[in-house]
Amino acid sequence: MTSGSPNPVPFRGGGFKPKPIGMVGPIVFVAVVALWEVGSRTGFIPALVLPAPSEVFEALRNLVETGLLWKHLGASLQRLILGWTIGTLLGVAVGFSIGLFSLARAGLGPMVAAIFPIPKIALLPLFVIWFGIDEGSKVATILFGTFFPTVVATYGGIDNVDRNLIRMGQSFGLTWLSIVRKIILPGALPAILTGFRISTAIAIVLLVAAEMIAAEFGVGAYILLAGSLMATDELVAGVAILSVIGLTVSWLIGRAERFLLRWRT
Amino acid sequence: AGDKIKVGALRFTSHSASFIAFEKGYFKDAGLDVEFKFFQAAAPMAVAIASGDIDYGVTSITGGLINLADKGAIKVIGGALHEEKGIDGSAILVSDKAFKAGVTSPDKLAGRSFGITQIGSSFHYMAARVAQKEGIAMDQIKLKPLQKVGAIIGALKSGQIDAWAIVPHIAKALAKSGKVHIIGWINDYAPDYQVTTVFTSTDSAANQKDRTKRFLAAFARGAADFNAALVDKTAGDAAAEATVKLIHKYVYASKPYAKAAPSIRNGAMRLNEGAKLNVSNVKAQLDWFKAEKLVKGAIGIDKLVDKSYVKTY
Amino acid sequence: MELRLAGLHHRYDEVEVLRGIDLTIPAGRIVCIVGPSGCGKSTLLRLIGGLERPSEGVVLQIGDTPTASLNPLTYIFQDFALLPWRTVEGNVRLGLEDHALGQDETERIVADVLARTKLSEFRTALPRQLSGGMKQRVAIARALAVSPAFLLMDEPLSALDAQTRELLMDDLIELWERERFSAVYVTHNLAEAVRLGHKVVVLSRRPGVIREVVEIDIALAERATHGPELEAHQSRLWQSMRDEAQAAEMELVDG
Amino acid sequence: MTSGSPNPVPFRGGGFKPKPIGMVGPIVFVAVVALWEVGSRTGFIPALVLPAPSEVFEALRNLVETGLLWKHLGASLQRLILGWTIGTLLGVAVGFSIGLFSLARAGLGPMVAAIFPIPKIALLPLFVIWFGIDEGSKVATILFGTFFPTVVATYGGIDNVDRNLIRMGQSFGLTWLSIVRKIILPGALPAILTGFRISTAIAIVLLVAAEMIAAEFGVGAYILLAGSLMATDELVAGVAILSVIGLTVSWLIGRAERFLLRWRT
Amino acid sequence: MELRLAGLHHRYDEVEVLRGIDLTIPAGRIVCIVGPSGCGKSTLLRLIGGLERPSEGVVLQIGDTPTASLNPLTYIFQDFALLPWRTVEGNVRLGLEDHALGQDETERIVADVLARTKLSEFRTALPRQLSGGMKQRVAIARALAVSPAFLLMDEPLSALDAQTRELLMDDLIELWERERFSAVYVTHNLAEAVRLGHKVVVLSRRPGVIREVVEIDIALAERATHGPELEAHQSRLWQSMRDEAQAAEMELVDG
């Protein structure tokens, strides 16, 4: 650079912004499935270790043709929706009280922290006694799983609401309820929606645990049966269904976020 | 040192033959250096044999086991626990609520719920046998898969399911509490039921014949000691006491001996002499699984059982 | 209506922030408060508006509150404090919603204040779409909507760029000429203080005490043509503050 | 307010800041346990439904006295630490590549999104075949559980690193590696640590699933055995141990955060 | 060494931001760039420093780069861009670490620039403990540490309060008197531009074209005493920009 003649300034910016490359995702997916199929056909991946994708597909087709898919899906979705909705409503309510009231925070906060990390499957035998073996215990499993993350996300969100906005509301003499409804609720909404992302994922994961108890139909029950019969093709097919449910729900929440948070940059 | 082998076991009295053979050195005598691997359930044990993580196991015949055999991974090579007339075997239980509602004998099970761990488990098979003999259509009995024995106990005690069938020591202990009643015995319905079998991987059945024979021989010695001490009670009280003590090392280990001993004694069901195998009953079970569509394909008895090791009947 | 601060003291835990403030804020005038960073200007404003309770002393309102005023003491904040999820119109409505005014009256007020702040075209825009100056205009519109008796402004222009600041200062002067509102105007900027204040109160470094009160007798509308005079006021204020400002600036914020 | 005489300005600020109230947490905890004990003693809570706290305590004492507690804890902690460490290292590495490289983002991103929601317990039979029945499958279960949230948290953190700081680094002619080490890594650290909070909780939850497979010792195995024998006192004792592990780990992460992020306001 | 911009054009996707910029930035002088919000001032600075590639045209360095310079073109940013996890010293070291200078040399440079920016006592403080003015001082120290041939400053004072801005402006003038560095100084603030610039370049609203270049021939050190003259420059610049600024301010930021 120590030369007398004019030199263009060297470029040193750019980068550190991974850009979406349109087709790579699908290509990788197709490639993985193709490799897997070839591995299975050539015996490189023994059937015992992993069924071939074609067999998994066959199992899925079977499910569709016998109409069982809708029965399983229907049963599971009903549990998911019921458990998640109640868990979420309770979780948001408790989260709001922890977020707004000192007493609730001091009393319930530590309880939530202590109970949150308890694995739900460990409590299954007790759930049977507490909630019966019908829909009760299944819905309760999912409800418990969604309740705690929702509580934590909600009060975290409330804690993060810009206090300046609240002071502004007070400076205009808004009532307590107006402040909660018009400032705190919308302000905490992004965090609550992020909480929904986590709680729906947990709810789907817990479907298998929930359907351990006396479930005739349901994707989780289907997976458990396949596991106990060592029908790996059906096992993987069931797992794929869960995966699709997960992606769908995550997409739905994405839409909800785009709609509800369209005010964000 | 002998051949190192890994043996899968559940902490149940029905696995005592292995524990006795180990503790009394029968395995050592047979030139086998045994290491136990304990499981929470039978299904993963079958998978572990298929994957070669353990060499021998004892478990009931389940849909999973048959499907693994169908994939050419495992073989049944001998018999262990079986039902026998005259010895308390598995009992049929009903909850207090159902009992009070009039379910006092197995023929009244129509329209009642029945607890099982999983579809295709031995509990499922027992329920089917009872239903068949009593002339109850299978869809008249509501099967409730609850995955775990503990969950079934809870459900039965709290009256959420009506009936169950389980090995005698659990059945008797539950009956004592008064929340549950014994209304019949499985050996009235499946007198020849081959409850558990010894099995190993196809590879070791085909290529480790000598080792497998030695294992079965040592296992049979353990079974014989067990039968003599606790089933036939021909070995005397001292030997019985010693055997119970030995088993207590493995079963109910977290409970004090005084509490554990009755459970162990109550749980004594006969183990097959010389590990012989009731192939005709195994075939009957296999046919039932096929009829119920719990196993796919056309697996024959020869793909499931390697008859070359023990006497069959 | 005027405000009288009598013997105001304030402390946060062990930190003394304000000491012995006595001050009268007359009706229809703009009082500017200047002082180094952290000297308690914002705290003083919060005390005046009833958002904070003084440790000692009292803030009194003297005289009738205008009956038409929905919120006699109304803030305009430095960071605008707009609700990002509401449109321009929604933000302006906020202060009206808790008063039962009726559809038409509300609509009339909103349309009026948006027109006065030149925002009528931007009624349905969201805050994220607005430039800084427009955001502050919305905050001003919102404040005007509740017909305040006093405007309490905490560095309302300091988040804006220099050019926008110039433009909004002209707007504020124009507004005052029309409405003759009363205001307490907190600022760092001496140029602003001498442009907008009928009275400039200089606070010392923390704990803030009143160091000087400068009256500026030129009419607001005429100040643009009195450059040198204002310049003189400004540099006198700067001389009196410079050392304290420097010292305040070189303090660590904590431990 | 429309009176002529001097009136103090009414106070309308304050609030919306729940304050910690020192003793309430412990008091609530003690009260709940005491109520529970009384309920159990009077038969209001049947033993079948829930064991009395004193029985749970007895079971814990038993564990301590027989020395089994340390065996169980030791086995479980070893699995936790091993699985979590490997899962975290891999997760951070993959998260960094997704965060830094367009190709990795396009290829791995969708894979992660699809595999994340799969419940680990559903795959247990396959894990036995893939990783054996010894420590392999247990560690793998925990590893899988921690890997995915770590990936997501890491690349989320990298995406959130202030691009201005990166441009600043470039403007000083820093090398690519310097920028990654000195700007991106510390900038993503808060998000990565938050990810650790989630992944450790998941790891503890998965302990029970992991120890379903041929585990002799371990808190999960202890709970499973208790559950299968319907020994509710031991069941609840085991669950309490997990809860304590969870609280301890969360406290440790809190300390780590305070130390590593002491530069934050 | 001097910089020459020849026929610079820049566009982001369909948005044209800069159009036909030709400009020479001589050695040892400060060139101020002013213009309404969004007119492309920051973009222009990024083009000059090589952080962005121009769509058309070229930025040339003419003459030898001083051999002692570790980073000939060095930025000072509006938001300071300090690494919050490094102390004052750590931030200053950042630009030196990738050059193998040796322990002693690094230490000497750090101590020297900290002394020059009056920060020696605050070596181990973290950014969060510093006031805005001190943060900007650290950014200046960090820039001086790499002995730049050109300082590229993007509104370096606009995030600060008015009083601190005054103080730092005096510091910058003092520094320039000692070091005679070359600089491109982007600002919104016409007062700053006429206080610091040997040459003030006025850009139009987007797409930015050069509208006017004003040379100010008063020595920097003497400007304080030339109030009226500067005032005249400033109000002439303001007249020429006012309408464009107003129009730029009332644009929605997006759809």
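Order of writing sets the labels: A, B, C, D and E. Residues in every chain begin at 1.
The working rule: a contact is a pair of C-beta atoms (placed from the backbone, for glycine too) under 8 Å apart; a residue touches a chain by one contact, two chains touch by 3 or more.
Note that the structure is a prediction, hence the values are computed from the model and not measured.
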Leading chain pair when contacts are tallied as C-beta pairs: A-D
Chain B and chain C: spacing of chain centres that average the CA atoms, whole Å: 84
Euclidean distance of C-alpha centroids - chain A vs chain E, Å: 47
Whole-Å gap between the CA centroids of chain B and chain D: 39
Junction residues of chain E, two or more chains touched: 49, 51, 73, 128
Chain B, residues touching no fewer than two other chains: 43, 47, 50-51, 148, 150-151, 154, 157-158
Contacts with two or more other chains, residues of chain A listed in rising order: 12-13, 48, 124-126, 129, 167, 170-171, 173, 224, 227, 230
Touching pairs among all chains present in the structure: A-B, A-C, A-D, A-E, B-D, C-D, C-E, D-E
In the complex, chain A residues that touch chain B: 47-48, 124-126, 128-129, 132-133, 212-215, 221, 224-225, 227-231
Chain D-facing residues of chain A, complex: 12-13, 15-22, 24-25, 28-29, 32, 48-50, 98-111, 113-126, 129-130, 163, 166-167, 170-171, 173, 176, 179, 184, 201, 204-209, 220, 223-224, 227, 230, 232, 235, 238-239, 242-243, 245-247, 250
Interfacial residue positions of chain E with respect to chain A in the complex: 3-4, 46, 48-53, 58-65, 67, 72-73
Parts of chain D lying in touch with chain C, wherever the complex brings them together: 1-4, 6-14
For the chain C and chain E complex, residues of the former touching the latter: 36-37, 118, 122, 125, 128-131, 133-134, 158, 161-164, 166-167, 187-192, 227-228, 231, 238, 241-242, 245-246, 248-255
